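In the two complexes below, chain A is the common chain; its partner is chain B in one and chain C in the other.
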Partner chain A sequence: MQAQDWYVLWAIVRKEWRIFLRYPLNALLRIADPLIWLTPVYFMSLSFSVNGRAPGFEAFTGTHNFLAFILLGNIVGSYISAVLWNMGFSLKQEMEQGTLESLWLTPNSPWLHLIGRSTVSVLVTGLNTLGVWLAAYLLFGFEITSALGPALLVLIPMVIALYGFGIAYAGIVLYLRDAVTLSDIGTYTLQILSGINFPVTALPRPLMIVGLTLPMTYAIDAIRALLIGTTPLVAIEVSLAIVLISMFVFLILGRVVFERIDTRVRKMGTLSTH
Partner chain B sequence: MEAAVAAVDLRKHFPRKQVGGNILVRRLRRYVKHRRTKEVQTGASPAPAADGQTKTAGTIEDSAAGDDVILAVDGVSFEVNPGEVFGFLGPNGAGKTTTIRMLATLLEPTSGHAYICGYDVTKQSREVRRRLGVVLAGDRSLYWKLSGRENLEFFATLYHVPRRQIKGRVDELLERTQLADRADELVERYSTGMRQRLSLARALLADPPVLLLDEPTLGLDPQAARNLRALVLELKQEGRAILLTTHYMEEADFLSDRIAIIDHGKIIALDTPSGLKSRLTSDRVFRLEVAGLHGNIDCLVERVPELNIVELRQDEEAETTQLTFTMMDGQTNTAALWQAVAAAGLMVLNYTVKAPTLEDVFIALTGRGLRD
Partner chain C sequence: MTANDIRTAAAVLRKDLIVFRRYPTWIVSLLIWPALFPAMYVFMARTLSGPGGQAVAAFQSVSGTDDYIGFLLFGIIPWMILNTTLWDFGTHLRTEQVRGTLEATWTTPASRLSMLIGASIRQLVISLLFLTITLFMACLLYGFELRGDPLTLLGLLSLSLLPIIGLGMLFASLILWMKETSSLVVIVRGIFMAFAGMTYPIEVLPARMQILSKALPLTHAIRAMRLVGLIGVGWNDVKYEVMMLAILSVVFIAMGLMAFRLAERHGQSTGTLGHY
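The block that comes next holds the complex of A and B.
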């Protein structure tokens, strides 16, 4: 990336942030949203516990802390949604509001727009994470362990890998011109198979095998192991290596796939149709 | 002088998309048709077109896929020089916008080449976009939840305007497009004319040598359209090459140094506005509305030498006929015309004589009006 690309990226982020704040109610809801889902999870975990412990759950995961398990899964899951939803959905939104061609007419790589737009979403998710953490600490006594630094070392490459995946995925949205269905399928599939809401080992064997091919599974597993001491699927170093390799692979693959589809769409003349 | 815009045998076809019915049956029929075509070709070996495809009127058969396709642009060639307004005139669906989209790098040509300031639109698209200002038809290409100024500042960065120059450039363009006093209002509160001017301001952010304007006055009130036209002429004076598409003949006539008339994807005439009009056989166009002719114009054609009918319209309900024509020798033939009208017992309802317009040229070339 050249210096000019960073300015462009910054301009896109500023523009997105401005538009985000011009719908104040939506902005408030987006930031407060995690607190809404956190409360039922807490009370459900209480109802499943016997003397503060859930033996079945503990056998699967190596921890009795159901709330923390779900909380971490959902925080990581929210980054998956933030990137995936935003890559595809923002493209669709630009198509619908008629601004996509104006962006494509500028002398920049189209994927800069994708990265810029989803960066705002990741920033909002970052704010969400802090809010959820604070609420969980104040309301339910959830504490952060000292392994936060290593956990971030796993989370950050995972988010970058997701960007790569998201760029390819945005290309598919550009081609099929359907963001909602695709985003739902993609997000739900990843949520189910990568063990966001339950241990991946609880899945039936064929599904578990598919889940174990996803780098996100290892990222979520490693973060949980580092922060709340669950039993990891593989050594944390191995998980980190998988996430780092997938980061490079997805970034390269994402760009190649997107550029090919972009060329195809320019041939078909469907850039402005939706 | 090197042309700022050059198109060489530019062609674009799209697959004919069909909806409804059974997709499997459709595909099967297409396959059978493709097989038959192949068998016929093996026997007769017809000479293929330059791009390997066999053409029919309006559609072509893609020899590889067997799909019906629509020819949107069919071998268009032209050049636009710096300081020139080049008008693309044609009815809706003639191929004007498709051509502009190919030049703007939004659409890849099926065959042929196009260059902007010497850069190939397909192979050097980023260099092309650096030198282009584009105003596409419609007013949805701006961010409505941003102000006019915010829109321009955002796009200025995207067009790589140096950071220190952004404020000055944006202020200057807001002044120039008469938007300075409304610059800090959200675009959603702008009128169509204001949005169109803002789109033009955005197109000028990078100070491009080439401007592509697709129906720039579409939907504007007369005053707003006049202002925009004046601005286009100013931009021409600055030495920019301007390619303008329109289906308003008066606009093309007023603004353009040269005009290409496009119909069914082909340029059917290319000349200066006066050059195009001089193609008609007279410097006057006559319009005659009569009752009692019932579409049979033989009684007039036989009696008036060198009467050239440009257009004939019949109103079945009112039983009237409207004729648009030219005559080689207006004075002599006018007498013959009135004698023919009297001899045929026609009732004259209306008669006008005026200078020919581009619409008359278009009708003479295609046999129909621009808005038909």
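The block that comes next holds the complex of A and C.
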């Protein structure tokens, strides 16, 4: 990357951040929404509990800490959602505003736009996660006492892998031009299959097999095993290897898919239609 | 209602159904969500019940039934209908505003209330279609079995739809005034999701939260449907819930109509009907 590219990247990050700050209610709701979804889950766990412990859940997972189990799953879940919604629609939004063609006409690489948007998305989702943790601490007394370092070693490559997928997905949206249903259903399905709210072993066998092909499943599983001592599906080293390999695969795949679709869309002349 | 009003409502209903048919992804959603949405909660409940069903007895002691899947489905289905109502009917006026057709239709001599009634009938049709698909999917995928009297359940469901339609009217008017859709949907549906006992018996809520819970029509609808559908009781045993639903139906529909009139007057006096 040249000095000029860094300047462009910084401009994109600043622009995206400014847009985020212009909608304070939306920013607040990004923290409130996960808590709203957590509330019925939390009370459901109480209805299966005896003297404050959920014996069935404990037998399934090896931990009694239901809330931490759910919250840790939802961290990866929030990145899945961010990738499909923020990245998927980043270019779609420019299309609707009529600015995509102008951006593509500048001498800057489309890659810079995708990297800039990914950076802001990671930052916002990270802040969002911290906000949810703080709120969960105040409302439900949620605490993590183990060292976070090893868990971050799994989370960071997983997030990079997800954004690699997000770049490919941005290309798909560029081609389809409308993908609300796809993002909505895709997010929810991936969250179910990767077990953000329950161990994948609770899924029926055919779904469990699909879940076990997803790298997110192993990332969530390893993070939980490291932080709250759940029984892991496979050794943590194996999970880490799966996540690292998928990081490289998704980054390469994301680039190839996006470039092919971008070339095709330019040939079709549908960049500004929506 | 005069014959003209009925014709107006019928025309809006016909127009809305034609629009609905024109968007295949809406129809895809209508088919996929009834199967997909309950999955998260069903698998979570399966985890909480334990590999050998160790915790089912604890659940039964607070809910009165060991059928936790049926219990969940009777909570999730009304919430999904509410969610669809907020997104579709609740944004009806706003959608017309954004399309630029609200001013045009409101300048005709046709009754505006009849137009809203037409849209609400469309919502009832979609809700009933949604319910049929959901019940079919629930039986097919989750082994759901209906134990109670289907006619009593149908009666309860019809009564439950009235406050939901009233809330939709209130919501549609609020959005017309506030010009903000998704944040309001997230807040309102979130309150119902968190406090109406969608996934749990409200007895597990702290006492103060139960007060809020009992003010929501969905709480009584869900409770009555669970009692009839899972325990097999009749009308006499759900008298309190039916009475509360009837009262809350009147309250919500009255509030919806009042809010509609206020939003209408506000839009006309400030000249903001075409703004978005």
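Methods note: the second predicted complex is superposed on the first by the 258 of 274 C-alpha atoms of A that agree within 3 Å, B and C clash if a C-alpha of one lies under 4 Å from a C-alpha of the other, contacts with A are read in each partner's own complex, and residues count from 1 in each chain.
Basically, contacts are C-beta pairs under 8 Å (C-beta built on N, C-alpha and C of every residue); 3 or more make two chains touch, one makes a residue touch a chain.
None of these values were measured; they are calculated from a predicted model.
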item: Fit-or-clash call for chain B and chain C when the two complexes are aligned on chain A; value: fit
item: Angle, in degrees and to the nearest 10, that opens at chain A between the C-alpha centres of chain B and chain C; value: 90
item: First, second, both or neither for A:V8, with chain B first and chain C second; value: first
item: First, second, both or neither for A:M268, with chain B first and chain C second; value: first
item: First, second, both or neither for A:V50, with chain B first and chain C second; value: second
item: Superposed model, chain A: greater residue contact from chain B or chain C; value: C
item: First (chain B), second (chain C), both or neither touched by A:W104; value: first
item: Chain B versus chain C as contact partner of A:R22, first or second or both or neither; value: first
item: Chain C versus chain B - closest C-alpha approach in the superposed model, Å; value: 11
item: Shared chain A surface residues [contacts with chain B and with chain C]; value: none
item: Contact set on chain A toward chain B in their complex; value: 4, 7-8, 10-12, 14-15, 18-19, 22-23, 97-99, 101-108, 263, 266-269, 271-272
item: In the complex, chain B residues that touch chain A; value: 12, 14-15, 98, 101, 104-108, 126-127, 129-130, 132, 134, 136, 138, 140-146, 150, 153-155, 157-160, 163, 186, 202
item: Contacting residues of chain C [partner chain A, same complex]; value: 25, 28-29, 32-33, 36-37, 39-41, 43-56, 58-59, 62-63, 180, 182-183, 186-187, 190, 193-195, 198-201, 204-205
item: In the complex with chain C, residue positions of chain A that touch it; value: 25-26, 29, 32-33, 36-37, 39-41, 43-50, 54-61, 66, 178, 180-181, 184-185, 188-189, 191-192, 197-199, 202-203
